[in-house]
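Pasting a structure here, questions to come.
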Amino acid sequence: MDVIRKFFRAVGENIASIGTTFAQGDAKTRLSYLIFGIGPLMRGQIVKGLAFLSCEALFIWYMVSFGWTYLSKFSTLGTVETHKEHRVTVYGDNSFLILLFGLLTIVLIFLVILVWRMNIEENRYEESLLKAGKKLPANKSVLGSLLDGNFDKTLLALPVLGIFLFTVLPIMFMICVAFTNYDKNHQSPTNLFTWVGLDNFKQLFTFGSSGFGTTFLKVLAWTMVWAFFATFLDYFLGMAVAILINKKGIKFKKLWRTILVITIAVPQFVSLLYVYKMFANDGLVNGYLMKWGWISSPIPFWTDPMLARITIIVVNIWIGIPYMMLIATGLLMNIPEELYESARIDGATPFQMFRSITLPYMLFVTGPFLLTQFTGNLNNFNVIYLLTKGQPQSMKMAENAGQTDLLVTWLYKMTVTNTDYKMAAVIGIMVFLVVAVTSLIVYNMLPSVRDEGGFQ
Amino acid sequence: MKKKLAVVLMAGALAAAMGMSAYADEIKVWVADNVVGFTEEQIEAFKEANPDFAGYDYLVEPVGEGDAAGNMITDVEAGADIFVFAQDQIARLVSAGALEEVAPDNEEAVKTENDAGAVAAATVGDILYAYPLTSDNGYFLYYDKSVISDPSTLEGILAACEEAGKNFYMEINSGWYQTAFFFGTGAELTYETDDDGNFTACNTSYASDAGLLALREIVELKASPSFQNGSAVGEATNCAAIVDGTWDSGAAQDLFGDNYACAKLPTFEGSDGKQYQMSGFGGFKLLGVKPQEDEDKLMACDALAAWLSSGDVQLARFDAVGWGPSNLEAQKSDAIQADAALSALAEQLQYTIPQGQYPGEYWTLATSLGDSVISGELTVDSSDDELMDALTKFQDTCISYAE
Amino acid sequence: MEKQQTGSMKRNKMIGNAFAYAALILISIIWLFPFFGLIMQSFRSYDPKVEYGGMVDYIIPKHFSLDNYRFLFSGETNYLRWYGNTLIIAFCVAILQTIIILCVSYALSRMRFKGRTLLMRFWLVLGMFPGFLTLICLYFLLKQFGLTQAGAIPGLILVSVASSGMGYYVCKGYFDTIPAALDEAAMIDGASRAKIFLILTVPLSKPIIIYTALVAFMAPWCDFVMASYIAFGYDKSYNVAVGMQRWVWTNDYQGYFTRFCAGGILVAVPVTILFMFLQKYYVEGVTGGAVKG
């Protein structure tokens, strides 16, 4: 509530400031309301003035030559259908590009308003400096500040632009797609797609044979179970292996570590594929077990749903332990030796020492890391996709979902295999919500967060 | 227009990269990797015979039939101008606007020179959309003579495999191989489409006694310790028999060596005590042309597609890589009549149903049905009601695709 | 009495160590077995005259042969090209991504500006969206610049680098540990922020720079989702993962499994060598990242 009140107060103050600056400002300032940066230019602030002016010029050029065509069709996403003239195809409106560049144009309009506001603020600031009888900063020092006081702007300009273009804009686009009927029957450039409101979300929460509801809940449940086991089994087993290697009297510590670490270096698309083949019904493991007469028919490591889930988790231990071992090794060395000494004098067993010294320390220090591991595992695409591709499928699940599919692999299948972009977008938003909510809950449960609060 | 945006956004930093977009005078061809060389040779011959079209740059890329349709649909613009695809993708391609109708000049020739099933496969609604390339997309049995003496019944094959401790491979979680059982017992599943590739009606009787017999047989096959799910010779271990197609004949010869043998699919004894012949799909590989914005280029593409699918080239392709032709003249040649794999396929084709149009979702749905068996949701112990539930759901979902 | 106790303690310790060694050897076998299998398969010929090249139920080939490696270097496929592409991508991404991350981390760690926490929170939230959601959008965005298919390699580099600023956590954590007093002293001497960054902070950050570059270098070797989506239909633009996964995942390539294994072994070579030499830095980065998360 407080945030909202603050926000509205800030907006109100801004609008008031725009008005008073205009009322009290001189002609140069007033002219700047129309032509960006003309005030600073006339006051000799060439660098700033040109920067504002070029923003406006670029924007007008962009809108005239490019942006307006897309923005004007944004509300319908295009109406001109693709048609044939003789045997030649004449493409109509491209809904995809209209949506994408329409969004881009809207964002740019907001940005230009922001620049306009900055331009007004600059005028006000310059006027107040001049009125107070001070000198305006030299152009050279304005430029120089980009390497000193304003160095952050120089450093962040490219990264922020990159993230905007290749992360923010695509995410905004996909959120919009969730409200359209963009799927295999409405594919650009041959077919148009358009806005459909909340229809897709309704389908997600429709339970019964035609809806996604039951399948979604099943996939979600397995995703959570997977993330839990994948995170905590790896964590504790990795710690155990690290303790084992660190044990006094064990030689060749470096060798053991290197053996484990090598597995990180081999690309997963090679190693996991081999592991998959090893455990297949007709793979090496079953082959040898049968040859030795231990089993009479192959163990369905990948085809039985329950067993497939267990196998995936076990294989993930194989992947995860080396990382965790490295982390734990580094951290274990940081625990003050005196703590163990005094515990030993008190006659504590190794297990007691682990429980009351090692574990609390590790949990405290690695809390935030565990959280990122957990959310990372919620979206762990490679392990699932390279092993089972989400299979086995089942007649009890909708839209190709398999028994070992995570939300993210399901989303991938919808995008690439089924080209059902609208539902993929809906699932994507759901994944975001799941990750955000779990992060929030777990974050507040973290010992490091709670203790910090306790000390304050 | 697009370029202007690029300049605004990238401030010219990447201007060099922009020159790389495809030119109008380039014709891209997608074929499977093992026929890339063959196709390039044929294009050279085509250019010599048609100097009018020699001005284009022809670019052959190895994109297999499996990937071609998916890639075309993702982005028609960046897709190939001419591409080979398996016929089950045709309706999807038509509705995504990735297939141009066969040129009126070529239509008559395609219809008369190729076998009727192939022409039907290339037709959506009443319009001919593609050039048939092969008639060999069917399956039959490869087996090891030293293990299996009589490949005429499924029970006999499984018994021989079990005795020898060897595996029998069939991909029961594929909508393509599954139909061997369902169509064998007389269950039906066909779709009707309109001219734009939209599905308008579904004729199915899977949820019937016939369907139940078939599913029960699949479940029983799965229960055999010798059964393995799969249909690629190269992936099979310890294999004595495999249901597979002609494209694997080379690999099968490598695998079985002197004991290599082929046969039509076996019969099986249903739970009602009657014998049923395994059926299945007879399928086709097709050559498609993408809709074009340029009349001359379209003519060149049409001419090249007609050339690559002509009888002589089909025969030459058989010699090079063993693909069985759809051209009637080519089918009569001695070399093809003498080929063991193609003979077995020809024999099997009497029992199969020419594969019509199926929606893309059918294939993944069929995988779900097969996986339900493989994963043990449906077993030999399942009651008729449980099996029927699965079939009813399957049938309802199939029908829903045509709404 | 005392002597006896130390004796039994020694014995206990020895038994304990024996168990520990047994466990470690067992762990080593489990962890190395798949690689042993991969290497063995890569030496099995695919030529039926020598040995059957499909899937088999034994590990050690009957005849060792270099056929698979010969095939990879023969130019029958674009393998070498794919390998080269991946190397180029990996190098460019490693360099550019490290630069971007250093810039972002420095700005966020050392500078205080309006909207700093807001920016960090916003990026955190962005990171919660699943990565593949935007696949199709990125494809068409890159296509506008001509950076797909034939231009897929610069395209892939651009995509990997563009959003890398969000991965600043570990590096910023490291910068936070460099005493601010150093900066202040330099500033009193009249050095600008840019100068401090280049002359003071960067040289002090060698471990984290190596870690960042190493992680960035490793990622492209395993990237097949993005790479196949952007480069489809243009064989010469594939990276190794995209080119090779077709050998085992599509029906067009029968009996390519041993060649896949050989290709995989070659892919593992550069990263493994780098890892051997730079392990120390990797451990430092991973550990630091876990603590500061």
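So that you can tell them apart, the chains are marked A, B and C in the order they are listed, and the count of residues begins at 1 in each.
By our rule, a residue touches a chain if its C-beta (ideal position, glycine included) is under 8 Å from a C-beta of that chain, and two chains touch if they have at least 3 such contacts.
Just so it is clear, the structure is predicted and the values come from calculations on it, not from any experiment.
Note: the chain lying farthest from subunit C is B, by mean C-alpha position. The interface with the greater number of C-beta contacts, when A-B is set against A-C, is A-C.
Separation between the centroids of subunit B and subunit C, computed from CA atoms only, is 38 Å.
Work out the mean CA point of subunit A and of subunit B, and you get 39 Å between them.
One simple way to say how far apart two chains are is to compare their mean CA positions; for subunit A and subunit C this gives 19 Å. Along subunit A, residues 165, 282, 287, 416 each make contact with two or more other chains.
In subunit B, the residues that reach two or more other chains under the touch definition are 5, 74, 77, 236-238. Residue positions 55, 57, 136, 140, 158, 229, 257 of subunit C are each in touch with at least two other chains.
Across the complex, subunit B meets subunit A through its residues 1, 4-5, 8-9, 70, 73-74, 76-77, 92, 95-98, 100-101, 103, 165, 167, 173, 198, 225, 228-230, 236-238, 291-295, 298, 360-361, 364, 367-369, 371-372, 374-377, 390, 393-394, 396-397, 400. Interface of subunit B with subunit C (complex): residues 2, 5-6, 10, 14, 17-22, 28, 30, 32-34, 61-67, 71, 74-75, 77-80, 232-238, 247-248, 250-251, 253-255, 257. Of all the residues in subunit A, the ones that touch subunit C in their complex are 96-97, 100, 144, 147-149, 151-156, 158-160, 162-163, 165-171, 173-174, 241, 244-245, 247, 249-250, 256, 258-271, 273-275, 277-278, 282, 284, 287-288, 291, 318, 322-323, 326-327, 329-331, 365-369, 371-372, 375, 379, 381-382, 407-408, 411-412, 415-416, 421, 424-425, 428, 431-432, 435-436, 439. Here subunit C touches subunit A in the complex through residues 13, 16-17, 20-21, 23-24, 27-28, 30-32, 34-35, 37-38, 41, 55, 57, 59, 100, 103-104, 106-107, 111, 113, 119, 123, 125-126, 128-138, 140-141, 158-159, 161-166, 192-195, 197, 218, 221-222, 224-225, 229, 241, 244-245, 248, 257, 260-261, 264-265, 267-268, 271-272, 274-276, 279, 282-284, 286-287, 289-293, going by the rule given at the top. Chain contact summary for the complex, subunit C toward subunit B: residues 48, 52-57, 77, 136, 139-140, 143-151, 154-155, 158, 229, 232-235, 246, 250-257.
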